[in-house]
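Two complexes come next, and they have one chain in common, chain A, joined by chain B in the first and chain C in the second.
Entry: the complex of A and B
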């Protein structure tokens, strides 16, 4: 374990400045339209200090906290996915000459981003997407380049939300790796500080992180401070709003592909696709080529897509997943079962977004219980 | 398509407000490129000059509400190689399909001083109830970029890149926060066909369903969500009866709540 330091809340702006000086754009939580979303921050003033969220199936509410914690909320609707696997992206441009199209790749500007406030579940989601986009023979160079240019400041959760179940998925609430820095926010009667620990890698970001710690002149954390920060995370682990039984879930779902419970979910499922859009591991996209009126120019565009649309499973002869039942079953069995065969881990990190942001309040942890019932 | 000759485009109006035709005129920057590629052969909203058919592409706005409409649409189909309808009226009967829930004679006698002059059908029906339609472009009004897309697709003989998925997908692509989950604002987005770039939720209003039902809409489930947000049966009847009340899933859902109300 690396050394732990103490960063005062009042020094947070210096941290932002140090990141900016190294060419990073700071991305972090801020209030937008009644939720906490990740966006570019211009200063610490943008942080949602003193705000928290209450989440349940199909509902999300912002509330005031009794203190001024910077990271006193859980997770909002959008994960960091939107900065790495972009919602929409032009891949190539083509021009027609002598009856043929000649394509050139779009030149993408890859920004240097510092993610501030990444949660343990989200770090796991990023690791999962790394495997998808960079682990196989088909490497997504845009994702890979973006991924290489981020500085990750993780935050151990000081509060669990009503739809959180990272403890069940063994992905949190304590960050276990994949970060450059990890912070634990501590608020005592008259003190507001962060216990900071550097990541264990050897990348240039780690070195930058150490430099910044030196620049800010952070003292080593005292034993009492470390103990307090650890207790906060332990308490969070006991507050999980949900739990998902994972023992044998893969075989259970494989055995129950025709279980009547799928019809029951289909009765409620809107097939709107919200669960897949907010999921930090869902990675599906579709690609379209669009000509202009003249037919001389064409663009190849990639956009997030979802297994909840008809087009997504369109093959010769039509869509193979016509019903809500078949689409929900595809999503849930992929996430919790096929994913294990495909990528070696579960596709679910227990962030609870699919539960909160489903307008019908469909709850993956409850749906899973439907299959344990009589197996 | 004849070689070296520009394809002929015709625009036809039936019972409608002309808003969708205006969307075509709204394509100001692209109109020159368009007129370079097609011959605008019949578009009374834009020009009195009318060229004889047959037409390679007909855009049809409006619903069928009169005996004359019902006859004329067959003539339009006969002179059109490809017939694409534009807008909610043509796709589902439009706002005027509200008459379908009552006896139209009741309205006529109230609204007009001399009802005997009015010759109208009892129902407002979509174009596809009368003739085969090659593609229905949704919206009240249609989105001008989608309108250009279907014309570009037609000119280049490819499939239009227009999806029948939910408005929610566009909200999420844009980064809009869900108004229903975060703010308890009832929204038709989960059952509504995308195409407007999720306009209303991005200005903090619920979706009004201008583009009509999406593919596989689960209106019953959405109604239960609305009820939890405080909507009563009257609200639910009304919300499914606006620009697309004639679209089967919306009509059926509104009738369910009308029965529950009584």
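Entry: the complex of A and C
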């Protein structure tokens, strides 16, 4: 861990400028359509300062805060995966002429992005997706290149949401690695500042980070400031809106694949796939063949897919998972159990998005309890 | 290597096998160039592996390789018409182009059967990924003890590779038993499910390796029956089928319990999958 510095809230724009000067496009939280989403930011003014969110199963509401905190809310419907594992991506273009065809792989422009405001759970989600796309024999080169070109400024959470359970998943609320910088926002009396620490990201970027801090002439943080920033995160850890018991959960779910509780969930599940879209670790994708009218020019396009669709498991003769029960079981068992066998980690980081954005308010932490009762 | 690189291949021959099944013989378009895999090395494969077959403007499907692993320059795929891509493939003619990515997946453990009885069981088009096993073992026939092929199809006219099977039977000391679900009066062979053939073939359960490919329910009941006869679950292998799209474990479609069939399979020992294979909608 590097030294800790203090960055005044009034200097925050300079940080944006310094990142922009180094060729980064700044991506961070902003208000859009009644939610806080991640998008390109042109200045600090774009941040949802003074806003907070209230989240519950099937509920997301924005409210005003009594202060002007930049990061006084938790996670919204978007996650950073949309910038690394793109929702839609052209893989290649093909052309046929006189019966022969040729493919051209798409030359992608890989942007240099600075993610501002990445939460601890989201850092873990990125590490989990790294295992999928970069951890095996095959490598997803598009993902890998995007991943290499980001500068990550994490934010320790100063508030937990109603659907948060990162403490149960051991992923937060304090960022434990995978960032270039981590900020803790502190508001006390008439002071508003960040305690800044450089982290464990790519080496050259940490150096750039130190450079930026020097440029901004940030003083080292005083002990009292550090203590206060740590207390804020500790308090957040005590505010978790949800808990999930994880002891032995893999074997528990494997033993209960035919448990009647799955029918009970299926009665409420609309198989809309919202949970898979908002989940920061869900990675499933499909490849579509798109042709022009002549049938001579084609594009192969990769798009996010969801295990809640009937098509997802289609093989000749029909879908493997025809019922809502089997699709919910696939999703939840994958997330909390199969994932452990596949990638050595849970697929859940406790961000709570699937609970908040489920139109039926299905709550993964509640559903898991249904199996602990009488295993 | 780029697993998404599609290499153009040319159709050399389309052999009609049955009313709904063809075998495509394909090779690299330029005969002077040795057949290459997407990795750029000479294309080679092992029995049980699959390729992704691509038809421009229609799409891509996984199809097991049904040819001889000792002659990978001639690539064979046996395709049953069940969807848009397989229908397009069945309508191909000599000289047409298709795309290939592969090979993917793990192979049958053929070498493990050396010194043992080898029992092959196939249902319907499940015979296609079994055929490369036979091509591999025949030139080294003396390394294996008894070899049996139990094959079940819907009807006599659906029997694949019929003349070839007859040749193998006499030439390589292969015990072949065929059964059909239904047949007209002139059929003198067996009727009924393929599991009924298990008691008609001779093998030493303690020293037998079994490879099974067919519908999931057929593989499951075959495994149960073989286990009853005393074959160890770790010596029974099945070839699973799921919706393989990317074939490298990125797209998630082919998940079967904790596995990605494309990269962890398609071949699994019964020991691995026995708690999963009977579960509905897994």
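The rule is short, and it goes like this: the second predicted complex is superposed on the first by the 372 of 375 C-alpha atoms of A that agree within 3 Å, B and C clash if a C-alpha of one lies under 4 Å from a C-alpha of the other, contacts with A are read in each partner's own complex, and residues count from 1 in each chain.
Simple rule for what comes next: contacts are C-beta pairs under 8 Å (C-beta built on N, C-alpha and C of every residue); 3 or more make two chains touch, one makes a residue touch a chain.
The structure presented is a predicted model; accordingly, all values stated were derived computationally and were not measured.
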{"item": "Chain B versus chain C as contact partner of A:138, first or second or both or neither", "value": "second"}
{"item": "Which of chain B and chain C A:54 touches, first, second, both or neither", "value": "neither"}
{"item": "Partner chain(s) touched by A:127 [first = chain B, second = chain C, both, neither]", "value": "neither"}
{"item": "Partner chain(s) touched by A:25 [first = chain B, second = chain C, both, neither]", "value": "neither"}
{"item": "Which superposed partner A:322 touches (first chain B, second chain C, both, neither)", "value": "both"}
{"item": "Which of chain B and chain C A:291 touches, first, second, both or neither", "value": "both"}
{"item": "First, second, both or neither for A:239, with chain B first and chain C second", "value": "neither"}
{"item": "Chain B and chain C contact sites that coincide on chain A, given as residue numbers", "value": "291, 295, 322-323"}
{"item": "Sites on chain C touched by chain A in the complex", "value": "1-6, 8, 29, 56-60, 80, 82-83, 86, 95-97, 99, 241-243, 245-246, 248-253, 255, 257-260, 263, 275, 279-282"}
{"item": "Touching residues on chain A, where the partner in the complex is chain B", "value": "32-35, 37, 58-62, 77-78, 82, 87-88, 267-274, 277-278, 288, 290-295, 303-304, 306, 308-311, 322-324, 356-357, 359-361"}
{"item": "Contacting residues of chain B [partner chain A, same complex]", "value": "30, 33-34, 36-37, 148-149, 151-153, 155-156, 158, 161, 163-166, 168-169, 172-184, 187, 189-191, 204, 215-218, 220-222, 224-225, 228"}
{"item": "Residue numbers on chain A that touch chain C, as the complex places them", "value": "91-92, 94, 96, 99-103, 105, 132-133, 136-138, 140-141, 254, 257-258, 283-287, 289, 291, 295-296, 298, 305, 307, 312-317, 320-323, 325-326, 329-330, 334, 337-338, 341-342"}
